[in-house]
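These are the structures, in structure tokens.
Shared between the two complexes below is subunit A, which has subunit B as its partner in the first and subunit C in the second.
Moving on to the complex of A and B:
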């Protein structure tokens, strides 16, 4: 006699029925839970955007875009220097990170070595990039602070209001001396970089405020003062003391970089480099191998294949990835805060390569952390501006992706 | 017999120039790749040399750093009385991270299950961009959201039990930040599970719930776990949210309603105080950064190993 399987012999049809409907109910409940939880993310985004809009919409004025931060006139504070600062910092970041990132991705994807030790090295670089992507951005900030801002103090320590380190170009030191005409100064070129002061007791060659060369006369106290204003303008009292002033051209450059927007941009480049590399690699991997093989078969070298076949085919993906990475760079506050410091009182964008800068996220951080309600509203308004900029960038990425999908299908 | 036209025109370029320029380009590209290695070396060198300046100081010992229960690098004026024990900062970081994970892991995983198993393509085309937008929101904005909305609502809901700056509001904001990351990585892992497994489960009479939870999730477990680890390391390294919303007082407690200065929060606070280069307080930055780096590095490495070692491949 054949026996029924245990499962069938023990349980009756009613039990089977109720068990099945229980499982069905469970499944429906789970589906409901999934929908509810998936909705949470939508709700969160809506609440986030609405609350910030409500808080900041009253401050979205021309003042916000045109003015600079002010402690005294909070009502009219603005973010113009921060917008320019972000532009400069992210510009440097893009100039450094894009070629480096795409170059690394090309090397890793297109020039795969055949020898065993080199293959091992290849894998190591790959693993290293994955790890770099996981390093917190604030650690990159500290790296920037040590390597770019102070450069391990190899070039001497930077002191406030003192030119130090290695000034490589663009700096013009001169002594500023008061002339007899009130409110007028003349300049004497500085020859010895260590001498911070001079005393004038005999006529020297100098220049006026406009930079034209003049002969500086000396007036001995006790003798009659010259009366002609033109002469008075280029005459100084004997024993007058001149202190160094530094005129910096836009290409003023020195080492270490100090808290300059250049250092900030380089640090940001480190932060987004892994992102760009990974995105470019994915994109290059997506290029069909048959394209490469065809190119190779026509006798092109590897580099010619990369330049004329793989890179153009992968370009849309690389551009999308790079734009998203730049969006990350614009919104990144922590490394910039560490490298450039938390000060936000700045009236204009950077004046020379070594000038400090404020960026939008740092300004938002500063405003958001203050007690006054005006600043909190300003922070919300600045966030709206930042989000609009990010939105524009992201839609550019989406449009590129869309165009490519159309042209490929 | 006449030669073919292409060969008549005997203007062949030497391949030597091409070979050399090819070599140069390979070397240049290799240098680019080398820079990424240099960055890692730079990070490690910086952390070691600079934190050595901290541990060499007479006021600090490695033992005290690891076991002392107070961190008063910024609060105390007198260096001799300053306490450098990492535990309060670590506890702050862990509190915030734990709360963030309580938010991000379940929500992210279930959203991922929904996206990969249930959602129609129309809902996907709405939900995915929403998540991408959340992922693209700058962290400083989420920090502002935490002090603008989350913290007041917590205070209102609890009747004032929460202090203005607290670990919970920062944790929730960090959780929101990590959610899209958990979701997209887990979804990728689940989409890689072949259709035949699902069809097998349905054929055996499984409900959609049983198919997704008992078949698809276990099959994608390595990817999901590595997503969790990456999110964890991201939450630990998150800076701006905690700098704005978690407060500036290092506390060694498990109470999520109180202030909690985290390791990253301390670094920001220290930078804002603009202490002089070379002081013990300045070097303490790097000691904290070393701890931070080691934890996140271990997490990322573990995530990589889990993904590679335990990845199930279906042919």
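Moving on to the complex of A and C:
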């Protein structure tokens, strides 16, 4: 029969007692510490919300929601174009980032490539995702500027009155010429896109401001001017110069994207892509391998398994990650400032695909930096609106996620 | 090692006709990366019989089972050499032998022919109906009525219809463990396999559910060739016709279940079936 080791056989009862109570005390202390730390973050949040509310609540008016930014009438400045602009930019961002992110996650988690180059790609992508998630968003802004706004100047530079890049659709070019009637213009259709202006010295077919075809006549200086206003309206001085104007349909599209909301949305998509990929990967990894085995065992292909088993089971987690990512995207100011610029003077949302946009964070950044107290209050009020919109979008997504979860179990 | 003689059915078995080999395994070796899990084993699995694989943990019986329908494909680094084929003459109508290890083989069709039931019941988080209809929807073009009929037939075959017929569109995860496992069997037979592989199908179940599954296995062998991996010696002796004993990646002995359990030829088999180790 073996004797107990010394440490077990000779026990110091006093020490045991004091040690036990000391450890108990430590545990209580630690518990208190954790509660205190948790409280600090809550207190900070409450202070933030209260101070913003106090500052901004007087400006929470219909004007704020429905008007646009105004330098002259600060009292009635609003953020309507910024709300619409943010929704457009984030819409593009979601449409691009969600399929790309979930697709990448599926490739990384569900497909274990056997071929060597694909295996290499697999490892390379995996290695890069984690690093990309830590890159500051302003760096993505610079990337977006090069890749989306300028497109490496492959398609030429966009310059006012000189070049519009490669216009692919939705653009209708015409020359605008002053007629003899003051304040009235006529238009001549443009045939050669490279010719930015024309000189009119003989009668041509054209259009009036409403787009109806008219015969444009030419008045030679030195001869009597027509007096009938209707004739004066379609007559131009000989040698009058017409400059190009472009009528843009909503689907106007050109390369490079220039400072358009599309470029802004694409840049934001880059910012949140790693977040979505990592969240989706975690979520797919959480799907029980036995479900995949069951599906494969029934003769499902990898694609069928992903579509019918893995993705549905991972969807709630993927949606949670996406909600967080979209929250980040809607509040992101730095990359938008780089890509779209800091201008806030815009009185409507984007009118076509290539239109610029103001977003809420940029407007808040602009207002908060102003000297006037009115703008500071407006900034606080705009923050409240931003938070409310964020909350609304998140609750909508959470409700959808809940529905998805219920339909599965 | 020792291979079963295919004509050896003299131990009072009810089916008098000689065994027809369905799956032929010869000099089969399998690896996980560099680790060799199976060493040159040879075995015939007869048609319309229940063949049990027994042996201690890590002896390679599950590995062999999962090679039969190439489930090991999804494990990185798993590879095998040797002969593993489905015999053509055992099929109706007679066809050519199918080499299971052929890299060009369509595993989707192979797995439809050779279904598998896993250790832990793993119904999809969908309704009972959708679970059973999952396989048919992958492989077949059916009308709603045909699918309804197929689902009912499968659930009846798996002896779980009576318990679930009133809640076909309720969640499968709401069933008990034993019901879930029978649902998984129904799901497997709904695609019309010839072979059912069962990887310790009862090890996660209580005794009553185990008994229900064993009865079911006995029932099913008139139409399916069943291969069952089990740790439970009584289970092997209760519900199998043939038994193969594995030890450390080798096939030690195989033959009629009754003989293996009463008059084993090898000492290791004797020790194992008497419960001396394992």
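Keep this in mind: the second predicted complex is superposed on the first by the 328 of 409 C-alpha atoms of A that agree within 3 Å, B and C clash if a C-alpha of one lies under 4 Å from a C-alpha of the other, contacts with A are read in each partner's own complex, and residues count from 1 in each chain.
In the analysis below, a contact is a pair of C-beta atoms (placed from the backbone, for glycine too) under 8 Å apart; a residue touches a chain by one contact, two chains touch by 3 or more.
Note that this is a predicted model, so its numbers are computed, not measured.
Enquirer: Superposed on subunit A, are subunit B and subunit C clashing or fitting side by side?
Expert: Superposition result for subunit B and subunit C: fit.
Enquirer: Have a look and say if subunit B or subunit C is in touch with more residues of subunit A.
Expert: B
Enquirer: If we overlay the two complexes on their shared chain A, which of subunit B and subunit C does A:166 touch? Say first, second, both or neither.
Expert: So A:166 meets neither subunit B nor subunit C here.
Enquirer: With the two structures laid over each other on chain A, which partner does A:250 touch: subunit B (first), subunit C (second), both, or neither?
Expert: Neither: A:250 stays clear of subunit B and subunit C.
Enquirer: Output check: A:368 vs subunit B and subunit C. Expected answer is one of first, second, both, neither. What do you get?
Expert: In the superposed model, A:368 contacts subunit B only, not subunit C.
Enquirer: Which partner does A:120 contact after superposing on A: first (subunit B), second (subunit C), both, neither?
Expert: A:120 contacts neither subunit B nor subunit C.
Enquirer: Quick check for you: in the superposed arrangement, does A:15 touch first (subunit B), second (subunit C), both or neither?
Expert: So A:15 meets neither subunit B nor subunit C here.
Enquirer: Please indicate which partner A:301 is in contact with in the superposed arrangement: first for subunit B, second for subunit C, both, or neither.
Expert: Once the two structures are laid over each other on A, A:301 reaches both partners.
Enquirer: Report the closest approach of subunit B and subunit C over their C-alpha atoms in the superposed model, as a whole number of Å.
Expert: Closest C-alpha pair between subunit B and subunit C: 7 Å.
Enquirer: Common interface residues of subunit A with subunit B and subunit C?
Expert: Correct list for subunit A: 301.
Enquirer: Residues of subunit A touching subunit B in their complex?
Expert: For this pair, the touching residues of subunit A are 23-24, 26-27, 29-31, 33-35, 37-38, 40-42, 44-45, 47-48, 51-52, 55, 99-100, 103-104, 106-108, 111, 124-125, 127-143, 146-147, 150, 152-153, 157, 270, 273-274, 277, 301-303, 324, 327-328, 330-334, 337-338, 341-342, 361, 364-365, 368-369, 376, 379-380, 383, 386-387, 390, 394.
Enquirer: Taking the touch rule as given, give the residues of subunit C at its contact with subunit A in the complex, in rising order.
Expert: Residue positions touching the partner: 69, 71, 74, 76, 107-112, 115-116, 118, 120, 122-126, 134-135, 138-139, 171, 173, 184, 187-188, 191.
Enquirer: So in the complex, the part of subunit B that touches subunit A is made up of which residues?
Expert: The touching residues are 18, 21-22, 25-26, 28-30, 32-33, 35-37, 39-40, 42-43, 46, 49-50, 106-107, 110-111, 113-115, 118-119, 123, 126-127, 130-134, 136-145, 147-149, 176, 179-180, 183, 207-210, 212-213, 230, 233-234, 236-240, 243-244, 264, 267-268, 271-272, 274, 277, 285-286, 289, 292-293, 296-297, 299-301, 303-304.
Enquirer: Can you list the subunit A residues touching subunit C in their complex?
Expert: 112, 288, 290-301, 304, 308-309, 312-313, 408-409
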